[in-house]
């Protein structure tokens, strides 16, 4: 199966500017529980998030994240299910989903690699690193995106690989990252940011 | 140089756990602070001179004092969105000292009279959020949060959600568009209730102020810029990383002394003193003391406390384009000047890069920046316009030279 | 929530001292000094300002940054400048920014000539652009719905349309997607934006991004005229402006009336104008001749009608449709009663409470107004679905709840679209309105055993108590559907309602009261001009079928379509059936002996009365097509031919004649009504309202025990959706919305009956013909009840429901 991965500058999705409404569809109202089956665990997870807030709509991002974890991306069916649990229209949730960079509203590959290409990283070779990742990783398997500053400029150039921050990553290490992901190994274990000591020499007494 | 306050022994093994944190005196300040009246606490914070570490530099105590004393639901929100390019201090602090943040939140909530709290953390910081969640479980089990429900809310990737009202909308489950001000969050914030919003570092400083007393804290640092500040240094320096400095030290000492300066054989072309939103300074401005007022006098700002060094191997045009593209990508699109102005600026810079620029473009671009500044709904627009404006102003010859050379390449 | 009051203050704008109410938004306050501040996103009808477009920046002394005038309330002593260089620079900047991506295709833009962006660019822009990069280009126009086209290139992201969908209609189907310069208006996953009020976004859009498909390119602003009138397609009676070109209505726009419609229209009112020019319209009188209706001259038709009516003297009955004007109603009543010596002129759709009870219910002291809904402390909707029955009221209720924190209670049989906004929801069994009111009366301390009454109503004690809790409010408005008080036990129900009303507010209190959501547009007016008889429509039908009545006069109604009851035999038996109608609907096509062509609502003159008592004036926007004559003229002419001394030459004379005979309307003239109408309760003539009124409290009988359905039978009621009626059916653009038989079932019943969502089912109401309908399984439908969408509303009873013969399981 080929996954269509469309990209628009800087890794954002192709906006749906050219898309007309399909007039044969019914309007998308709040999904009726009688006709919208929701997997029990997904419902439970979303309801748990809703309980965290005085206004249950606050759970929109966590709910969408749960949908994305379950289905790989925020599928229309997944969004409808979340909307059904939250008693919102699916349009409400899709408006939220498309606002945020990490929520995917088009199909994407399983592994996510965000390569930071913002200023500090690009001063240290991030653009070349991103190009190397794109060369090495197949779009069917890897969702490789240039990303804005990930808040780890101290390990520039860096990447967030399935949510784990690693850096500095050299171009030579790219094949290893790809191989590790394919084989289910830990990615560059020596370069995990969480293990790094603070740079400030005065901090250690 | 005083001893580090936040960074003291920050890499001590196990500090992330409640046990080690408590062994070091962690959470001791909770009972002390809760024994104070709200007014006393706010007063202490005010005289400490602590200014917000998130960017705007507003007095923390004063902001807490703005919250009405009514009995309605009030909220404390910790801004852990940290998306300003070049900034990574909150990440390091939260990764290593999650309990200090929780302690700060409990105390600040008391100062604000808040009965519910949230940490809004950027979605990309999944590892950090997991650490916070684990710490939260410990703190909850230990009873520290009995009177203050605290939830870690993960964002999903949008710089604008660092802007306090955009953050509130996002936390309410909407698109993260900033709101009109007034009303200010202190009056009408989260769920329309009075809300105190502070940066991670600001909140983590609070227990130390309680420990030292506001007056002693105010003795650290420079006039009107009290205390220490964690500064993220990145870009073309030899030792990028976070450094906790006493406010007021010379920038040169920070950049060269601590971070090692640019690589061997390179010189600084320009630098951002306070994240990518701050107007750039040149190598001739390295002696400006690193504090709020001195930076403002030099025409820039310390913002989130993030220094980005650009050395002379780079071209100002490339950096300008990166910067403008970032702001175009992150503009929420709500207001016209920012949405269209960032877009326009990127298009002109791209044309310059492709060799089709003319010096007139610089005038137009400079005027576009002027037309953004002050006309937007929030300051994201200005955050592009000010540094781009400063680059054109300070590096016009380099821009022109670049255009000339690109024109030749294109031809 | 008391209505806000503002004192006057003085501020200075561009050097002028101006007086305006304090806290008026600066954009509006400036108008008091004749200063115009340009705006795009500001639209107070949409709620709180958003400050998005930045067009309205002004300088306020003492504040360093320019401020948005659309979000700044004016204060005493404020000094404002809108003409300084700084302000001009900002205005030029915003216009320049907006135009960089806006296609300059005004010559082929439907908005050209009436476009705020054009006007503001001309008035406040610099006139030049320095933008030389390529503009963005996208496919255009695209369908957003069958009614609305979208041109995303032209959109300036002003937020108006999405705010309407999200914060006014609350359908939340229309949203922004993506972010920054990529932001665009869209719906979920390509679903069309179809909702009862969707057309309002066309009028809100300040550019040519959202256009009406039926109107696109039919006219340019300089070849049209606007004609103000009132929409008579439902009791909301929204004020409209017809866009007319070459004597054809090409568009309908809102004509803001704060006390009536708040500036909104529903899509029926906005788009059903197509029916006015439908080919199917009757434009000449017709007479049945050899079984066929044939066109004849007016003279012939009038002669025949007069002769036939003359022969039927004393045995004539008239049935009056809801869209009939007060004048027509009065003249028909004059004809039937005074000239033809008969007594039946009935405008109500089913049995109704006695005259004495009606006098109490409609009493000015108990009357709530439309704005009361918005400012009350609580609103209770009983046995009505505003979005279907009186759509604009639905928006008003939502507005009150959202903006003023009005507490809402909904007590209905069918789940309501207002349920999510309500703080109390009660479901009672179809037809159990009386029992519910009795239960409510008991919960409010009015006597009776709550548990028994709740049981009889098919609801729970708790639900009744929740609704009763609303009665703590000082200002409570009760909106009740006309169907609540129709049927054989109308009197008992009306007494229960009066008892409940007596518990809820002081009589005569402003801001609280009752308001009926009637079945017909002008139900109230028709009652007040005397179109009520002692017999219910069903009884009239029976009398006609039995031969006691020989002539039936059908004014703007087709009983086969509009009324419950056995009408087929009645129409069959009557010797003479005279109808005024725009269309040959089934009953008329089959049974009418004489047909007069009726005017459309854009061609009529006269008055109608809003459910809150506001008389509003209908004005003809276009001429009558073909040989159509005014209905009042025909009625007067018939009276005259039958010997009455009556001479009416103009529409205003018809109004005068009507006013002369209706004491509470005494002296009303078209001039007095003007463009805004007037509530009769506020005129001196209101003193003619009967004074001796019994408001209760009444002792209540125990409500009857409802028949328990058995086996595959369910409790059953029909309802008419907003998309019912011949006007929608005859409008090509609205075909896709046209009411279709749908049956709503609860998941449990659907499962038991082995029916699935989307399947065809046969619905066999007790004692009526079975119909085939599509099954809609809805979670909110109470188990044991089924609701059928139908043009004939108000059929209540039990019904057997089973899979249709030909149904294919998918």
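Which chain is which? They are A, B and C, in the order written, and residues in each are numbered from 1.
Keep this in mind: a contact is a pair of C-beta atoms (placed from the backbone, for glycine too) under 8 Å apart; a residue touches a chain by one contact, two chains touch by 3 or more.
Being a predicted model, the structure only gives us computed values, none of them experimental.
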item: Arrangement of touching chains [line / ring / star / complete / other]; value: complete
item: Chain occupying the most central position, where position means C-alpha average; value: C
item: Chain centre separation in whole Å, for chain B relative to chain A (CA means); value: 24
item: Chain B-chain C separation of Cα centroids, rounded to whole Å; value: 53
item: Whole-Å separation of chain centres (CA-atom averages), chain A against chain C; value: 46
item: Sequence positions of chain B contacting 2 or more other chains; value: 158, 175, 329-330, 332
item: Sequence positions of chain A contacting 2 or more other chains; value: 12, 95, 99
item: Two or more partner chains touched - positions in chain C; value: 176, 178-179, 182
item: Touch list for chain B against partner chain A, complex; value: 1, 3-4, 7-11, 73, 82-88, 90-92, 95-96, 116, 122-127, 131, 151, 153-159, 170-176, 191, 232, 234-236, 239-244, 258-259, 272, 276, 306, 308, 310-311, 314, 319, 322-323, 325-326, 329-330, 332
item: Contact footprint of chain B on chain A as seen in their complex; value: 10, 12, 52-62, 64-65, 95-96, 99-103, 114, 117-120, 122-124, 147-156, 160, 163-165, 193-194, 197-205
item: Chain B to chain C touching residues, read off their complex; value: 158, 175, 180, 328-337, 339-344, 347-348, 351, 364, 367, 371-372, 374-377
item: Chain A partner contacts - residues on chain C that touch it in the complex; value: 136, 138-139, 142-146, 152, 171-179, 182, 184, 186-195, 420, 736, 746-747, 750, 757, 777-780
item: Residues on chain C engaged by chain B in the complex (per definition of touch); value: 49-55, 57, 65-66, 68, 71, 89-90, 93-94, 96-98, 100-101, 130-131, 133, 156-157, 159, 176, 178-183
